[in-house]
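One chain, chain A, links the two complexes that follow: it is found with chain B in the first and with chain C in the second.
So, the complex of A and B:
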């Protein structure tokens, strides 16, 4: 029977990547010199699993590579080898190499043979520094290969004397099984010896008293016979004699095992070659996305879901019962209402349960940081301690996958630019070891991630002078501290004196902000000179559902994300200021807020063009406010976001669409986009200088 | 139909073993470590146990020892999945009471051949 095991490859890749993550974090947790055996054991187990799986799934390059790591770890585990910093570093590098090997194999790409060979030889060197068993083995191999191959020829048959130890049965080995197996090799005659059999009353059924002489005819290889006895060789007396004048005693078992080893190695090398060939030929195949498409879900969440569906079915049957009532009276009406209330509750719970399935703890995004901080602080010769909290905070899987890179950038930035060199810290009376904190928590409908350092803080003078020289702001612009901090997110802004490997290539914070905005989130920085900086990222819990305020302009219904609405108000004409008939602003307490007329920017018809007859919805995005003029506020509801790009194209000012309860389609406003649209309209206007700063970046 | 308990902490290996055996008509129960396997073994009878060696919570060697203490498992064949490098492990496995081993890497055919050999 031929069974296709490639269907389990994806599971293998997933668990291998998890295993590598475990290896990495545990390696970082190892105390050099006095390593915890349990920690080494965990690392060993992960390597061992990857090795076993990769061999089974035919990924022999990975299996060979992991084999060396495993041997090294096994010696550490057994206390035969000291855990040195060098060993940890090489193992960490090997983890990286292994990860990239698996990624390449997964995506059908070529392996980076050079890097693999380099770290492989590093591992070998480390291994051979003390242990020399490998070399001893290989010398045995050569001898045994010759001696065995000479023997197999011209044998006419074998005589086997097999006497199990009394307790052989207790390891689950059945002599009959072994004899039956011998029968598959050639025709056999079996003679049982019952001389050791005690009186019937004295027989212990758990013990073995019989022995056998088995004659097997034909040109049978000795190894094949030994293989039948492989599991019991220590639990029996066994002699295998060739029925031939020249050959006598069996070769030592060890030799045979080694030969077997070498054969496997040879096969593997050939397999590897074949794999490389195959891979090169399929190189043109389309690249798959790196994000994993499957998701691991805690069984509790699935149980919740099943439970909820059960409740829903009960409610449904209750409702259909009411529907079947002949005389629909007040009592039935009341029951109908109850049922509908219940249905609404169940639907909401069901929705929440389904959403929870997509939620993963943020530790998935955090787990790479101990390594990153370890490596970078060594490279930069800084002393840095990383503290993480709130790792269990859950986040939508898609958001998680996309927030990784911005987070890495921010942490690198704090390491590189934030934390000072130890000498400088000491001079300023700070602890020589700097601290970077990663915190995650829920706040309202958002996930908040903070990256906090106790470094030098942002240098306002330098930021300002850089921004002025790059033309981002003007010299006479009067900016608050927060506005100056915000300049680091401006496109093309980088103050690093020397562009380092770590960060500061000039593409940076603006990309970070753009990526976070693409997730519907925000990022801001607070900083105090000499004390440190805090970057705060706010992300929506999910990308699929939005709490929205339905608004109407003319015959169109739009949805404004509830999260960006500050307040909605009736227009007080006294507070309305029209500036030369083009730009309208509304005075709300101490603020002048630009009024955006959707009918203008989207080119639709509204009930009225007189602002004082409409309503204003004041929305905020990253500190900027606008008032959207609408005809009517409809209601608030959760909407499922449908992408526009799938069917149409991206339209500025709109982030998506949804289908309302009555079946009509409503467009979802992208507040940031609406502001940009409005800004573009204003740009062409001479008024920009005077009022534009309320909306300008 | 023979009933087999397949124990491995690696999901891919476990699925592969389980799928192969089920395709051959065996009844397979899975466990992801020694502890889980032992609990499942206490609840039910098996004709064969196939277990990985290195696992969290309870490793394969301990599992074999514990199973042999249960009346039902005294003579049941127990096979360990080992890598070819660990000749020492094979001996430890035997000492713990294992029937034999299947050397990793193995393919479905090799697995079935061994299982059929043991179950007759």
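So, the complex of A and C:
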């Protein structure tokens, strides 16, 4: 029977990347010197599944590579090898190499053989170099037997009691093959136990009723035996006992071994459960923005949803009952109102539940930071402790995918510029170890992420002089402290004296701010000299819903994102000015704000072309302000964003569309796009009504 | 390989056998579209205009939560513009685009006419018109009951550069 296994390849990759993530985070959690067996076990299992999987799929390069890692980890697991910093570092690097190997294999690219070979030989060196200095020079393979029972020197063979669970055959494992495999290790005698066999007519051919006692003669490594059973170890009762020349010793050891083995199995089961838990709670695979558009949803959320729909059905039947009443009187009206209130409530809850399906805990964005901080602090020779809190805070998957890079940038920045060198910290009476805190929490419809360091804080004089020298501000500008802090987000700004590969090229913070703005969020910084800085990012919980102001121009209704509106005002004709007869500006306090006439740039009819009869909505985008001239303000409401691109195409000036309460479509303005359109219209300076010419390229 | 070839042949045969078209009227002429692409037919209702689009894009409508563009076929073919009447219908179509997910678009026509099964032998390739209708939009011409039906290539027509997702240099 041959199965086309290639269909499982993607699942293998996905699981392997998950496994690598687990290995990485567990390696970082590993305390050098005193290794927690639990942690090493977890790492080992991850490596083991990758090895097993890659072998199955014929990815031998990966299998070979993982094998060396696995051997190393196995020795650590058996307490045979000390967990050194060197080993952890090499293992971490190996995780990176493995990840890139899998990535290139997945994309059918060539492997980076050089790096692979280098780390491979490093691993080998570690393995062999230390193995020779090891006291137990009785070859690596015998080690685990030591851990089973004190000191077994003269193993004359093994007795294996193998009792498969009844449903083991359903997982595709064949006991006969296992026994055949054992046969290759040494001469075996097999005794089958048929006592569990039911009456012939009761036999289910898909179940396994037999158990075996297998004796292997000769000096066989326990590891080799275990390897034969590795695919079935969770699906059977298995005891492996060494036979000794002196049979009287065997009995107590056998007991001990059984207990031990059961314990291992128990642990393993617990771990498996834990892993399952972790998987369900984490809902989705490693962030892969483009290709994998699947999402793992916690079953609780789905149950919630089903409950909600049930409620909705009940409300619906209640409403239709009222509708069927023959004499519609005051009582019925009251019940109708009650029903409608209920319906509204259920609809809102249903909407929230559906939104929650897209929500993922922010730990997905946070999980890369322990590694980043670990690597960078070593590189920069700083001592840094990373504290994370609020990792369970949930936010939309799309937002999560896009916030990763800005976050990395801010953390790098805090590491590089914020935290001082240990000596300087000590001089200033601070703890030599700096702290970076990542904190996430919800605050009224938004998610807030704080990146806090206890470093030097922003140097106002230096920022100001730098900003003046690069022409961002003028010397006589009187700036408040917050305004000065804000300068670091200006394009082309960097105070780093030396450009390191960590940061300092000045193409950083402005990009961070732009990315965050693109998500509809804000970023600001608070800082105190010598005490530290706090970067605060505020993001909308989801990109699918937007708080909007409904406006009317002629017969059309548009939606302006509330977040970009500064104020709306009635036109005071005295404040109205015209520049060269075409461009209108409005004097608002000290600012002159260009007036954008939607009917001009969108080519639609409006009630009036006289600005002074309309209303102005002042909006801001990236520090620029415009006043949009509208006929009427209609009200504010939350709208669900629908894409125009799905069926039509991207249209400049519009970020999408939504469906209003009455079922009609309203278009959502993209302020940035409106500004671009306006500039194009001004540039083309042919202000005719042939709007078609103004479309932005 | 042999099997695959046979499958292919079978597909071809099937295609030849089942050629059903929904036809609609436009300026006194009968046009047809592949019936498997028709999602639904509905009456004309108000649309939301989309700025800076060619005039034949009337706007967008809400089709059970999906935003669907509405294209006026009279304007698309530069025919005389008529007031929309009770018989004016909107045909919602599934459009295939290379390298892009299926799109849902709709066309406004004077009225739906009939459903025809056209045998392959009655399908003729389109001649060069040299007229308003770009020949690329025409899949072929079928003769049914001595009537001529122009079969449209809607994928081509509704993915023309003004409407395409990729091409941003509109108009």
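Everything below uses one rule, namely that the second predicted complex is superposed on the first by the 379 of 697 C-alpha atoms of A that agree within 3 Å, B and C clash if a C-alpha of one lies under 4 Å from a C-alpha of the other, contacts with A are read in each partner's own complex, and residues count from 1 in each chain.
The working rule: a contact is a pair of C-beta atoms (placed from the backbone, for glycine too) under 8 Å apart; a residue touches a chain by one contact, two chains touch by 3 or more.
As the structure is a prediction and not an experimental result, all values here were calculated from the model.
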| item | value |
| --- | --- |
| Chain B versus chain C as contact partner of A:191, first or second or both or neither | neither |
| Greater residue coverage of chain A in the superposed arrangement, chain B or chain C | B |
| First, second, both or neither for A:110, with chain B first and chain C second | neither |
| Which of chain B and chain C A:663 touches, first, second, both or neither | second |
| Touching partner for A:71 - first (chain B), second (chain C), both, neither | first |
| Partner chain in contact with A:9 - chain B first, chain C second, else both or neither | first |
| Touched partner set for A:431, first chain B, second chain C, both or neither | neither |
| Overlap of the chain B and chain C footprints on chain A, listed as residue numbers | none |
| Complex contact set, residues of chain A against chain B | 1-3, 5, 7-9, 11-12, 15, 42, 44-45, 48-49, 51-58, 63, 67, 70-71, 169-174, 176-177, 180-181, 206, 230-231, 234-235, 257, 260-261, 264 |
| Complex interface listing, chain B residues touching chain A | 9-13, 15-16, 19-20, 23-24, 52, 54-56, 68, 74-78, 81, 83-85, 87, 91, 94, 97-101, 104-109, 112, 117-118, 120 |
| Touching residues on chain A, where the partner in the complex is chain C | 556-557, 601-604, 642-654, 657, 659, 663-667, 677, 691-695, 697 |
| Chain A-touching residues of chain C, taken from the complex the two chains share | 46-54, 57, 59-62, 65-69, 101, 103-105, 163-165, 168-171 |
